[in-house]
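Structures given as structure tokens follow.
Same chain, two partners: chain A is paired with chain B first, then with chain C.
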Partner chain A sequence: MNSAALQALRQAAGPDYFSQDAGDRLIYAGDGTCFRYPPEAVVRARGPEQISRVMAACGKYHVPVVPRGAGSGLTGGALPVAGGVLLDMAGLNRIKAIRKRDQVAVAEPGVVTGELQAAAEAQGLFYPPDPASAAFCTLGGNVAENAGGMRAVKYGVTRDYVLGLRAVLPDGRLLKTGGANIKSVVGYDLTRLLVGSEGTLAVIYEIILRLLPLPEDRATINAFYADLDKAARAVEGLLASGIRPVACEFMDGYCLKAVESYAKLGLPPAAAMILVDLDGPPEVVRRQSGQVETILQQAGGEPVRVAGDRAEAEGLWRARRAMGPAVYQHGPGKLNEDVAVPLGSLAEMVRRAHLVGEKRGLVIPVFGHAGDGNLHINVMHDPAYPEQVSQAHQAVSDLFAHCLSLGGTLSGEHGVGTTKLGFVGAEMDPVGLELMRGIKKVFDPAGILNPHKKLPPPEVLP
Partner chain B sequence: MTQDGPGQNHCPALRQAAEAARACAQCGACMAVCPVYRVGRREDSVARGKLRLLRGLDEGSLKADRQLRQTLGRCLLCGRCTANCPNLTPAREGLQAGRAALAQISGVPFAKRLLLAEALPRPSRLNAAAAAGYWAGKALPDDSGLLHRLSGLEGVERLPPLAEHPFLSQAPAEVAGPLGAPRVAFFVGCVANYMRPDLARKAVALLARRFTVVIPQGQGCCGLPAIAAGLGGPARSLAKRHLALMGAARVDLIVTACGSCAHTLAKELPELLGQAEAASRWGLRVREISQVLAEEDSLLAGLSPRPDFDGAVAVHDPCHLKIGLGVSEEPRRVLRAAGLDLADMAGQDQCCGGGGLFSINEPRLSDAIFAPRAQAFLQSGAQALATSCSGCALQWRRGLPAHLPVVHPLELLDV
Partner chain C sequence: MKTETKDRLRAILGEANFSDQLIDLVSYSSDASEHLHRPDAAAWPTSAEQVQAVVRLANEEGFPVTARGAGTGLSGLSVPSRGGLVLDLGRMDRILDISIGDRVAVVQPGVVYADLAKALEPHGYMFPPDPASGKACTLGGNVGTNAGGVKGAKYGTTRDYVLGLTVVLGDGRLLRVGNRAMKSVSGFDLTRLFVGSEGVLGIVTEIILKISPQPLATATTLAIFDDLEDAGRAVSGVMASGVIPSVLEIMGRETLRAINQNTDLALPEVDAMLLAETDGCTQGEADYQMERVVEQFRAHNPREVKRAESAAQAAGLWKARKSCYPVLARLRPNFMLEDITVPMSQVAPMLRGIQDIAARHRVQIATFGHAGDGNLHPQILYDAADPAEKERVEAAIHDLFALAVELGGTLTGEHGIGLSKAPYMDLEHNPVAMELMRSIKKVCDPNNILNPGKMGLDG
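After this line comes the complex of A and B, so read on.
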């Protein structure tokens, strides 16, 4: 970036919102991945007009811009891989309104997901999307990644709650999509186009979200299985029963072992655990938890436990919540993939992941959201040994091939970012990809907004 | 892209900081709990960002300049990041070591050095400073940086005036308990000594119902301000002195009426003295007074409330006590045993923003962190705020209207 560009940017951002400081460049170089790419300058977002000026200046000097929420993304979406400006959205964190009559919330993108959940709850309302990072990730990041989470089986993902967006286009124009209407079919659905666009089409500065009534009651049930097929049958039986669980989580034997050695919860030795959450009116929840208990038992669950109260429920959830850190019991390094497969192929995908592990001489624990087919596959290795690192990367390729052959998708919720860029060409329809490139051109003809993300460059196409 | 690699350096504090930084998986979970991040939403105020800066320093891409010092100062050393890190990163410890590294590499500003390196380890100097009205907003000389800034803080006029005679200048060497009673030492701490001698007197009187209380002369500051400023040397010399003094007192427990002093003596001192076995054992014997009272039914049974106080009490948990030492039920048990009503206060275990030198270095952030605490207190309907830490008490005193009492739980008891 030359000095004229820097000068223009400083002025566009406002001196108090602009930094070229070495320390700022270092701390905004990373996100939830292990990579670091220092930006050339950092701008703290202040509002639409300022963002618009910054975008215009970047366009004029051809400087890349990368929006960043909380930097918790797991695929490098917020990494400034081409340098340029890092646009920090975390400071725009006002919940502008919770409109009880309309059942919507209007929020700035820096609002932390958990803060919105709490604010909605205080008014008897419910914002269902619940990524495991909800206590620190932002709504802007959730919208840009179309984040999923634990409650997707019953309540869907972020996409299902975004009614409207306010955004700044790469040339500085302000864009409004949608509104507070639950239904609207006027024009193309630009709102949904921006959801999951990973900050490559527009910078979102305001979000209108749909809220639901808060469920009255909840229940939690877990079950352990001596083999994978039984666990898979339990999930199938549950989903076919007509009951819609809020969550239906799965952990394999490697995971259970890791959690036990990390958190010492007294889990029985098993090849799989299934964890089910239900919600609704108390009488319905009571009846359904009895039914779920029977289904889990009939599939061979031993033991099956129904939590008596919230504290006990938290106890059952503890094993699942400890999974993130516990997985390192199997090795100091991990490549974390979040493939999704059709529900019928769940057990097969887990089995194949384990086989890939055997073939590559690595442990590959699998856990995830069994109710929606989204699996977190963790390729554990020791980065100190180059051979292991290379085996781990090859294992990921193997896994992706298996996933696609089962009709799956390479990412259920974490996005493409930069880390999956080399693989997604294999999944995408070539015609679709051509259209997507065209869409990117329409929004961002100069290619300055979060470049080299989401869409594979032509040279890695199959 | 940069790949992670260990830095080349020979400063042990920096090595410790860099190790913590490398253990950080950059997941960002500490953002959910860091009080400084919550109010500013800047990556440079959360553990993840600060650890990354320390890694930069270790790897040579950053200089130990004023800005880095300032950024690392934006931390309350509250310990929430460490306590909540899913990856077990010793984040707070790394940040504290980072301060020590910075102080060693670059030296701290003179004014701070004056007070922290010179006065605090030598009680006579602090006595002199107190006598000269140095402290708490009485006519301060221009060149006294820390004192000057303390006086410049909003709300300082609400702090208790300096006591005419520090507690230790008039304290007996020993107060005999019942026949054959176990011996405990009382560690006074700066605030009780210079500002709240009545609290110290009450603590000793209560302890003497069950113990023989030794009050070693020559004790001084617990060392927290020095540690917070990264001054390992002065902190170590204090630690050595106290280890020797308490050793000579031949006691079973070392009791203090301040959560921060208790935490420093129990946790930091063994660390400073290189985990020497004597020091570790010593650390195990440190108690905040509410722990001692809550553990002794005979003491609890004899408690009654101060006759001139009427109403409910809200209790604020000091970070050093709750997160650092796992103590939060005990002060409440003491108050309940005396027959006092406890008010429910939202966020009672949330940081008040007073930790270490934070309120002096970062008054605006500190006030922003405190604001929701004050609001929660006013909404709780309580008539008094009780907290077992001198640092928290000063912060609450500065922040609450003067007619609302801010006390240590003991100060609500009739002794």
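After this line comes the complex of A and C, so read on.
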């Protein structure tokens, strides 16, 4: 970036919102991946007019802009891989309104997801999307990634709650999509085109979200299985029962072993654990949890436990929540994949992941959201041994090939970012990719907004 | 259309799948809206390859192609307003796969909604949107309009169930988007860009739908209110109660009167009737939820609240609700069915506003709709032969849209823009959004071959 560009940016952002400080550049160099790319300058977003001025200045000098929420993304969406400006959205963190009678919230993108959940709850309302990072990730990041989470089986993902958006286009113009209506078919669905676009189409500065009434009661049930097939049958039986569980989580034997050695919870030795959460009016939850207990037992669950109260429920959830840190019991390095497969192929995908591990001489623990076929596959290795690193990367290629052959998708909720760019061409129809590039050009003809993300350039296509 | 062009179309489609006979052209000049325009020819493709070849020829020769399902659309979506070829997808009507293990159904666009419902029933599954025209409308049309229905409040609309599509683009290329996985974020959401795009971006030739287990038990209740606003407040109360009813419908006085004239249900002709259904895996669960709904009804001055005693009684009530549109259509020579949606708190003010507008312009407006998601259907009844009345109707419609937008609402919740609402697009969209949509249309259909003149996006 030359000095004229820097000068123009400083002026567009306002001097208090602009920094070239080495410390700031270092802080904003990374995200939830292991990669680091320091930006050339950092701008803290202040509001639409300022963002619009910044975008116009960046357009004029062909400076890349990368919007960033909390930097908790796992695929490099917020990495300034081409340098330029890092646009920190975290300061736009006001919940502008919670309209109880409309069951709608209006929030800025920097609001932490957990804070919106709490604010909604205080009014007897409920914001269902619940990514594992809810305590620190932001709504803007959730929208950009179409974040999922533990409650997706019953409640869906972020996309299902975004009713409208206000955004700045890369040329600085302001765009308004949608509103506070549950249904609308006026024009193309630009709202959902922006959801999950990973900050490559527009900078979102305001979000209108649908809320639901807060469920009055919850129940938690878990079950252990001696083999994978039984666990798969349990999931199948549960989903076919007509009960819509909030969560239906799965952990394999490697995960259970890791958690036991990390957290000493006294888990029984097993090949799989299923964890089910229910919610609703107390009477409904009571009836359903009895049904779920029976279904899990009939599939061969041993033992099956129903939490008697919230404290016991938290106890049952502890194994699942410990998974993040516990998985490192199997090795200091992790390649974390996020495939989703058709529901009928869940057990097969887990089995194939284990076989890939055997073939590559690595441990590959699998856990995830069984209820929607979204599996988190962790290729554990020791980065100190180049041979293991190379085997781990080959294992990831193997896993993607298996996932696609089962009719699945490379990413259920983490996004493409930079880490999956090389594999997108294998999943996506070439015509689809061309169309996506065409749409990117419509929004961002100069290609300055979060470049080299989401869509692979034509030359790297297989 | 030139004779040689017709010959080439015959060669692509086969003699039996092409017609330029007057009887066919007249049949395909309308849908369920008031719009009319005759096509130059009609075709019944039987494969995606045929659709591709037709669209390529259309690009070469420059004639419009308008895809059509059952023609039940209410906004003129499938009226070939610039002539050219109507492509009736009704012969692509195979259910290709039903996988209970994966919870998906793969279908061709010409499958009738009710035929899929019938095929899913023995498995205990359903495709929930349930549009009122389900007996006739096709799944391709449902995708084209993002069709909703009575179950929207709990189960969402078509968009929420489309996992993947095969589409012929405006330049004839074939595109596959999405897959059988329940979640995917590996590209831009093209699937949902095509859902609701009214056949102007591409022609859908295959659909992967998510299916759901059927609820095993339901409970049905009706409540009648002397005051419209009490009914509106009861709706808000129910939706905030923590129970999400599978159905919550409203019918206004004019609608009730029309139903009475055509059935022996003898409904009370009051300001508003609400009809609610709850569902669950057990009767106890459905009943428990219904008790909570009834509490809310009782808290808002109903004249009467009545549980359906039997399945037959409930079926009668649903028949009444589904008959609203046809029985109203019979009252006067002409009608326009609107499809306004407002934020949940604005249902009562919107209902009141509709009554005021009807009085102010001296027009007859009957209202019914999906109160649970704020989607109201004011049906305006008139005689098009009376120019003075027609003028009043147009003024009333303008006021209806203006009021909806003023209340933070939207012009159409489920019927689409088509021709009817094209002039009003910029009430809701700023010029930036309009320009983006026009450019996206160009990316998918560079020569404006597909369903031109719709959605107000091509001038």
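Brief remarks on what is shown
FYI, the second predicted complex is superposed on the first by the 462 of 462 C-alpha atoms of A that agree within 3 Å, B and C clash if a C-alpha of one lies under 4 Å from a C-alpha of the other, contacts with A are read in each partner's own complex, and residues count from 1 in each chain.
Heads up, the rule we're going with is that contacts are C-beta pairs under 8 Å (C-beta built on N, C-alpha and C of every residue); 3 or more make two chains touch, one makes a residue touch a chain.
Quick caveat, the model's predicted, so the values are computed rather than measured.
After superposition onto chain A, the partners chain B and chain C occupy separate space and fit alongside each other. Within the superposed three-chain model, A:Gly91 lies in touch with chain B and out of touch with chain C [touch as defined at top].
With both structures placed on the common chain, the touch criterion links A:Asp227 to neither chain B nor chain C. Residue contacts after overlaying the shared chain place A:Glu348 against neither chain B nor chain C. In the superposition on chain A, the chain among chain B and chain C reaching more residues of chain A is C. Contacts of A:Tyr188 after superposition on the shared chain: chain C is touched, whereas chain B is not.
Applying the stated contact rule after C-alpha superposition, one finds that A:Gly324 touches chain B and leaves chain C untouched.
Once the two complexes are laid over each other on the shared chain, residue contacts for A:Asp429 go to chain C alone; chain B is not touched.
Contact with chain B, but none with chain C, is seen for A:Ile27 once the two complexes are overlaid on the shared chain. Once you line the two complexes up on chain A, you'll see the smallest CA to CA distance from chain B to chain C is 21 Å.
Chain A meets chain C in the complex at residues 99-104, 124, 145-146, 148, 152, 156-157, 159-160, 169, 173-177, 179-190, 192-193, 195-197, 201, 212-216, 236, 239-243, 281, 283-284, 287-288, 291, 340-345, 369, 372-374, 407-416, 420, 424, 427-429, 431-433, 435-436, 438-443, 454-455.
Residues of chain C touching chain A in their complex: 99-104, 124, 145-146, 148, 152-153, 156-157, 159-160, 169, 173-177, 179-190, 192-193, 195-197, 201, 213-216, 236, 239-244, 280-282, 284-285, 288-289, 292, 341-346, 373-375, 408-417, 421, 425, 428-430, 432-433, 436-437, 439-440, 443-444, 455, 457. On chain A, the positions that touch chain B within their shared complex are 21-24, 26-38, 44, 70-72, 81, 88, 90-91, 93, 110, 112, 114, 133, 135-137, 324-325, 328. On the side of chain B, the complex with chain A involves touching residues 1-2, 4, 25-32, 41-44, 48-49, 52-53, 56, 61-63, 67-68, 71, 86-88.
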